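So the structure is just underneath, and the comments pick up after that.
Labels run A, B, C and D following the written order; every chain starts at residue 1.
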Amino acid sequence: MLSTECELLSNQLVAPDHYVMQILAPEIARASLPGQFVHLRIPRTMDPLLRRPLSVMLADKVHGHLRLLVRAAGRGTEIIVALPSGASVDLLGPLGSPFPMPDEIDGGSDKDVLLVAGGVGVAPLVCLADAMRSLDDTPYIRSMFGASTEDMLVCWTELAARSDEFSVATEDGSAGEEGLITEVLAGQLERGHARVVYGCGPAAMMAEVARMSAEAGVPCYCSFEQRMGCGVGACLSCAIGAAGGGYLRVCKDGPVFNAEQVDWEAIRDE
Amino acid sequence: MSEACPDLSVRIGSLVLPNPVMTASGTFGYGLEYADICDLSRLGAVVIKAATVAPRVGNRPPRIVETAAGMLNAIGLQNPGADAIIAEKLPELAGFGVPIIANLAGECVDDYVLLADKFAACGHVAALELNISCPNVEGGMAFGVCPEMTAELVGSVRAITDLPLITKLSPNVTDITEIAVAAVTAGSDALSMINTLLGMSIDVRRRRPLLGNATGGLSGPAIRPVAVRCVWQVYDVVDVPIIGSGGIMCVEDALEFIMAGASAVAIGTANFVNPLAGTEILDGLVDYCQSNGIKDISEIVGVAHG
Amino acid sequence: MSEACPDLSVRIGSLVLPNPVMTASGTFGYGLEYADICDLSRLGAVVIKAATVAPRVGNRPPRIVETAAGMLNAIGLQNPGADAIIAEKLPELAGFGVPIIANLAGECVDDYVLLADKFAACGHVAALELNISCPNVEGGMAFGVCPEMTAELVGSVRAITDLPLITKLSPNVTDITEIAVAAVTAGSDALSMINTLLGMSIDVRRRRPLLGNATGGLSGPAIRPVAVRCVWQVYDVVDVPIIGSGGIMCVEDALEFIMAGASAVAIGTANFVNPLAGTEILDGLVDYCQSNGIKDISEIVGVAHG
Amino acid sequence: MLSTECELLSNQLVAPDHYVMQILAPEIARASLPGQFVHLRIPRTMDPLLRRPLSVMLADKVHGHLRLLVRAAGRGTEIIVALPSGASVDLLGPLGSPFPMPDEIDGGSDKDVLLVAGGVGVAPLVCLADAMRSLDDTPYIRSMFGASTEDMLVCWTELAARSDEFSVATEDGSAGEEGLITEVLAGQLERGHARVVYGCGPAAMMAEVARMSAEAGVPCYCSFEQRMGCGVGACLSCAIGAAGGGYLRVCKDGPVFNAEQVDWEAIRDE
């Protein structure tokens, strides 16, 4: 874990309200694993005051670049995405527990890996796909990406380029299947050839992904979001309901959890 | 300009801390979470997250929301309970050689007495901080807003331990000096102030409170003027050391509290913004003393009172 | 989505204001200072700077200091006295056709009664706001922190005037609902909250308080969570309209207060940042109602209570 | 009085901690008079929250440019001077009461006008000198500029170019006379040919300028500073002691006052 002031190399609008930020952060890039995040703040201002958690979409360990995909979701991220290239950002990271690699999961090594992305949830899955491609024993990667409309399939090429198969669903049918990405997932699970499902997206989507995976008897790992204070496990701000009662810390115990660990009811009610 | 190393040590009852920069309860976990980024051994003390007798799961999320130059939290005293803390956290933290202050939260006088007993017995803590001011649990502020109850509580704990006692005061009162005097008269060796201000934030889109617990505690730079005022007022009426907290982000902020009357400072929300805030503020204090010819930090405690 | 113009009118006792956006006392002078940049006639009301019986020169400078997302002020009720205000300011302000609310500050019950009498007699004011909560004068908060005194004061003024009475509450109390209930029981037609939080700031370089008056009142976005919490608490215990204030900068902030239980809002510090804040917030409320199918703003007053 | 969002055209470091900012603000440039100020804030941030008062150093009415000289004196101005060119600034102005022109002052039209600047106090005097040069009956302008050291004689060429005579004093003797600028003023006043003295600089300097002018029987106008809230006369934040007791508002009654109007004792004590 490092806290460093870094240069924002570029900041590009890639879809309405969505930006890809490239940041020079060699140590963090080298250390980061898929599913981990950085806790970002703008130095020397109190507006916003706190850091904002952002998943690492790509860590270029050679050049020391981090690539983040940022959606302007509120006051803080609006100020962040407005930063000009050349600006300073302060990063704390890499933080959190990464996705387990397929070989760490008991699921049948001949089977496929399914990646299900919704919206900016694509970011950690790009990172995961990237890492899986450089494994000795690269799995067959089937990726699915859902969004409301074509525009919102942000950075889909990044995911597609790292997948063996890639499907898309949009709610308005402007690209790929018309409907929810979980319908695409249903088809994939039916094929009975899935070893593990990795998901990241809106809570409702992930809940459905988890439910379907459980039904199909396939292990499922999802990356979660919660409002954060410290990002390092100290403040207990980032609680989400645990399956057995009590709470888990998204920043430290997660952000990636086995779908069986979390209390989906509580998450939906929040 | 003197280049000699200034004396930054602070006395709290029988305890002498190496320097006046500590972490505020609940913002630094059990210290361990920050161990690989912050040199814990340099801190004046680590005040751990509030301990209760039984484990507590805490409040339903969301538990935090950023506000203008501040944040609201409603953690709800989540902790594994005193026994687990003593068994699983303190030995490791003690290994870093930093003084440990336990922050105690109870629902009745007996809870505090029991907690004090447990922590005194464990041998790892240097002082006890009585949290009579947490706004995030039902009835959690009852002690802190009433001088008589404050006195009873402090007196009862005082009776069973020789550990230095710190009482942590709430700013959510009409007259904080009244509570301060009650705590000191009942035997508190020091006062810690301020805990958070009671606040809330509404999610306009969803038309309901943003925090799962509806209300929460406001901390951060936004509350600093209130905190400095509390220290200023209380310094005039008590003779024990004050540990100031509330929005301290940098060395100038720490100096503001010291000049208002604080003998030590506790760094809270700033840890989230900058995990090195504590040690950087300590470095800043050393610099300040050296470049202003201050040999002992106590020279400037309360100096703004003229 | 309804495009019809929503009903924004607000009733305060016998008074009906055209809309819920007013200016907060002391932050908009006598309205006239802003007349050439802001269309005064669009405001729900202008609450003028506190009036006292005799002229007051105010506190020694500095009277203001910026703090994190807020500011401290210690103006000290500078004003030319009620008679001069009535003679020299109100006729011109009345010419703009905006309802005028006089903010009254006294040292004793008789002062308030006399002030109420004068302003009622002048014919230019639509309501009276009893400022029992100004932290910047010696004893200026005595009424606002004590339910019995609040009741006596409100009752005495109630007895001599039919003008709508608004009581402005201080957040610097242990339990604001107690004071609120006292004021309403004694005849207050509405409550205004919150006045500033008592705070202070120290000039580290000069080692003394920054404000000439040492302490001052904290306002601005920093205090919004405290203000929203006060409105939220009081809404549950009274049946009169609440005028919310404390760090309202934009329409979302105004909606936060309305959803917490405020029937109207007062814009304070925001006027300094953006002299058009009031009218922009009004425009924003109209937009919000239209795009959310709200026909009468009262539909969302207190809606966050569920 | 206008409130407008304007473009920062350029922002140049001219001395340690001192910047000249050029802003496109046609209406304000056209309306502003020497001694008036703008109340500046950075849009869309709450850090800093309030506006900061800054004197107009030059108003180019043809191109609609305002030039400000800004010293990074604290947190707010530090953030302001760090703005890149192209940034937006929000200006409220022009505000305050301007310097009276020499012909409005009873002082003998054949005599000289004395300008005494200290530090960034040079800004409104540049504006004043500029305006006097385009009067039908241009007075003879003798300007004096004092600073601690040569470096701090910021924008001296701007003042010198608009003066008939120009002298300098530095406390360390690195430029001009060694000593205080008031010693230079003493010599000028002794010549007995001064019609009016205009001053702007640190309070102690202005107090001395006022005392000397009064002794010499020459009218004296100074521009004052005080922490401000509204800038338009509404909040009574910007009080300075008045000679007859009570207070004056720097933003509305000033910032320019006849030296006889103010309570110099009170100002010094503050």
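Just so we're on the same page, a residue touches a chain if its C-beta (ideal position, glycine included) is under 8 Å from a C-beta of that chain, and two chains touch if they have at least 3 such contacts.
The structure presented is a predicted model; accordingly, all values stated were derived computationally and were not measured.
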Other chains in touch with both subunit A and subunit D: B, C
Result of counting contacting C-beta pairs for B-D and A-B, higher pair: A-B
Centre-to-centre distance between subunit C and subunit B (centres being mean Cα positions), rounded to whole Å: 34
Euclidean distance of C-alpha centroids - subunit A vs subunit C, Å: 47
Where subunit C touches two or more other chains, by residue: 68-70, 220-221
Junction residues of subunit A - those touching two or more other chains: 46-47
Arrangement of touching chains [line / ring / star / complete / other]: complete
Subunit B to subunit A touching residues, read off their complex: 26-30, 33-34, 36-37, 49, 57-58, 60-66, 68-71, 73, 75, 78, 212, 220-221, 249, 269, 271-276
Subunit D - residues contacting subunit A, complex: 44-47, 79, 84
Partner subunit C, residues of subunit B touching it in the complex: 67-70, 72, 145, 172-175, 197-202, 204, 207-209, 214-216, 218, 220-226, 228-229, 232, 247, 252, 255-256, 259-260, 300, 303-304, 306
Touching residues (chain side subunit B, partner subunit D) in the complex: 68-69
Residue ranges of subunit D in contact with subunit B within the complex: 46-47
